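We call the chains A, B and C, going by the order they appear; numbering starts again at 1 in every chain.
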Amino acid sequence: MFRNQYDNDASTWSPQGRIFQIEYAIEAVKQGSAVVGLKSNTHAVLVARSPNELASYQKKIVKIDKHMGVAIAGLTSDARVLGNYLRSEAMRFRMVYDLQIPVGRAMEALGSKAQTNTQVYGGRPYGVGLLVIGKDSKGPHLFEFSPSGMTSEYFAFSIGSRSQTARTYLERNYAQFENMDLKTLIKEGLTALKDTLPQDKQLDAENTSIAFVGVDQDLTIVDGPEVAAYLETIDSTEMELE
Amino acid sequence: MSSSLLLSKKNSDVTENGTYKHTTSPIVTGTSVLALKYKDGVMMASDCLASYGSLARFRNVRRLQPIGTHTILGASGEISDFQFIQNQFEGLMLKEHVEDGQKLETSSIYRYLSNVMYGRRSKVDPLWNKYIVAGVEPSKNNNIFLGFVDLYGTTYQSSVMATGFGAHIALPIMRKYAEPRADSLTEEEASKILDDCMRVLYYRDARSFNKIQKAKVTAQGVEISEPYSLSTNWDFAESIIGYGS
Amino acid sequence: MSTEIQNAAKSHAGRWEPYVDNGGTSLAIAGPDFCIIASDTRQSEGYSINTRYDSKVHQITDKVLFATSGYSADGKKLAENIKIQAEKYLDKNDKIIQAPSIAQMTSIIMYQKRFFPYYVFPILAGLDGEGKGCVFSYDPVGNMERVGFQVYGSASALIQPFLDNQVGLKHQENVDKNRTLSKQEAFDLAIDSFTSATERDIYTGDYLEIYTVDSTGIHKEVRTLKFD
């Protein structure tokens, strides 16, 4: 019977030039419920949906600093470790330079930390993907973090289960995001997120979280009843279409 | 660690009883640095002398250093410690610039320097300087920044400031003519006040020199003058009676 | 004297003194449902005034302030440390840390530097978990006490006896010991304390920052003191 000989450890290559442990970790990200991130010239937005009503307390979006937040897809326990790491880096940077950490700088630190796990014997890659939004002197940013340690910047992106449908939506529409106001941007995010839902599920105030940050606005996380107002925006557009 | 082991350590000043010797007094020193805010930015002045005790040892030393595009650092006190800080900043600014092009602005540079100074005082191994950090911050609506930090890590911000003997001789002059008008002072007026202060200092501070440099930071960036000489008039010396004359 | 002690004394003799006194005075008065915190803003070194405006009151949470006096650099670092810890508490517990917890933590942070102390005389003040005014005062190594009012700094010897009399109702005959100060009375006492202290103490003056903490939040006022 076939058995993969090259997936016992993250520090072993396969002859095809693959590292299976990393690929498996990336599979773990795909098990997590989808999160969507997108940005305009002035704002960056995250939208996410909790997979389980019974576990609604499990946060999908967490705050890192006044100017930075992350959305999680994958192992939440791993995400907490990375979140704490980002928080301490952000805090350290603030103490040393009296400045909020530039988002790219934080991602670089995070990427380096995660990459180490893919190269040392006995290490386990983090089983979580993150979408990070934030702002710095260069404006708003959206980054993706993947278990390989790779960090990439995007105009719009989605990770997690069935996120391909969201990405398709974003790819078709991202060109218009540039000059959108915050409200419309959130609407676009929710529309993309809705595309990732299974047949019998929908977005509601109990299972949806929204976060946004702007050039002149700190990170704001919206969940609970206040989400309803934003959800109405996508419902009304639907009615228009019908 | 035994004292013999400590003595064998390279590059450290270890005394015979096994304790480390840190700087207990400065050797080659620069005297006052003056700085004030004016309408379009901030201006700073210092002379070009590095004294060895009462000896005017080095007479062409630049004590105003640009850091990045919109910040200047003025140093008084131990010149070698200043050179160490210059090296630190050279490395830091290169690293920060190369990584992602997000440049450090004045308040970040000031906080970093303050941390270094407080950190060294907390090791009881101070960098024997008083620094003035001045600049304009483009990302903060061209905010004009002027800050002080010394060997104790003591920090403060003000619209006029002076180190060393200047804190006694020049600061009262600047508080009278510059501080109340910091928002409306023109470049020419600011420049004249600093020249006058430097001249008074040259008359009264025996560790000063009449070759000086002036620097300004505006929204356009840093400009540091070449060294130049102040006009002086010593005619009054004739009329001084006493002091051995 | 043993040679070791002699050597130690000798090595200490030429040592640089890593402390300076930057002067300044801080005061806090707790009321039943409010708290008044006031500090002057002069920073001095010897007979020189470094600056006329250097804030010595630091906000820790939306209900708690931290006022310092003594060595300015240590004061700022200590306040920063406390703020960092309060922030970490929020990250870990998703709950804002309350005054008595900050008070205990401050004591620990300060005692950790028992043999190289923060040369700071801090006053932690604000509202406690029940919304009552609270004042905690410390010595530089972290000894802590919850008090009704406190003055620390260069003019403490001038103001504290005044508050003992006016707030603590000491040395007064036929006085109702249950009488409590109104917010306005406490506020006015703070101002009078500083205007008087400024007359006699050269290290106190320039500006006065007065914070009122009550159920509606933190309110700041700045008054001028004498510039001489």
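Miscellaneous remarks
Definition applied: contacts are C-beta pairs under 8 Å (C-beta built on N, C-alpha and C of every residue); 3 or more make two chains touch, one makes a residue touch a chain.
Source: prediction; values computed, not measured.
The most distant chain from chain C, with centres taken as the mean of CA atoms, is A. Summarising the inter-chain contacts, the pair of chains with the most C-beta pairs in contact is B-C. The mean-CA centres of chain A and chain B are about 47 angstrom from one another, to the nearest whole unit.
Remark: chain A and chain C have CA centroids separated by 44 Å (rounded to whole angstrom).
Between the Cα centres of chain B and chain C there is a gap of 32 Å. Touching two or more other chains at once are residues 95 of chain A. Touching chain B in their complex are the following residues of chain C: 7, 10-11, 14-16, 18-20, 22, 43, 45, 48, 50-54, 71-73, 76-77, 116.
Of all residues in chain A, those touching chain B in their complex are 95-99, 102, 104-105, 108, 136-138.
Every residue of chain A that touches chain C in the complex is listed here, in rising order: 84, 87, 91, 95. The part of chain B that touches chain A in the complex is made up of residues 99-100, 102, 104-105, 107-108, 110-112, 115, 139. Contacts from chain C toward chain A in the complex involve residues 80, 84, 87-88, 91.
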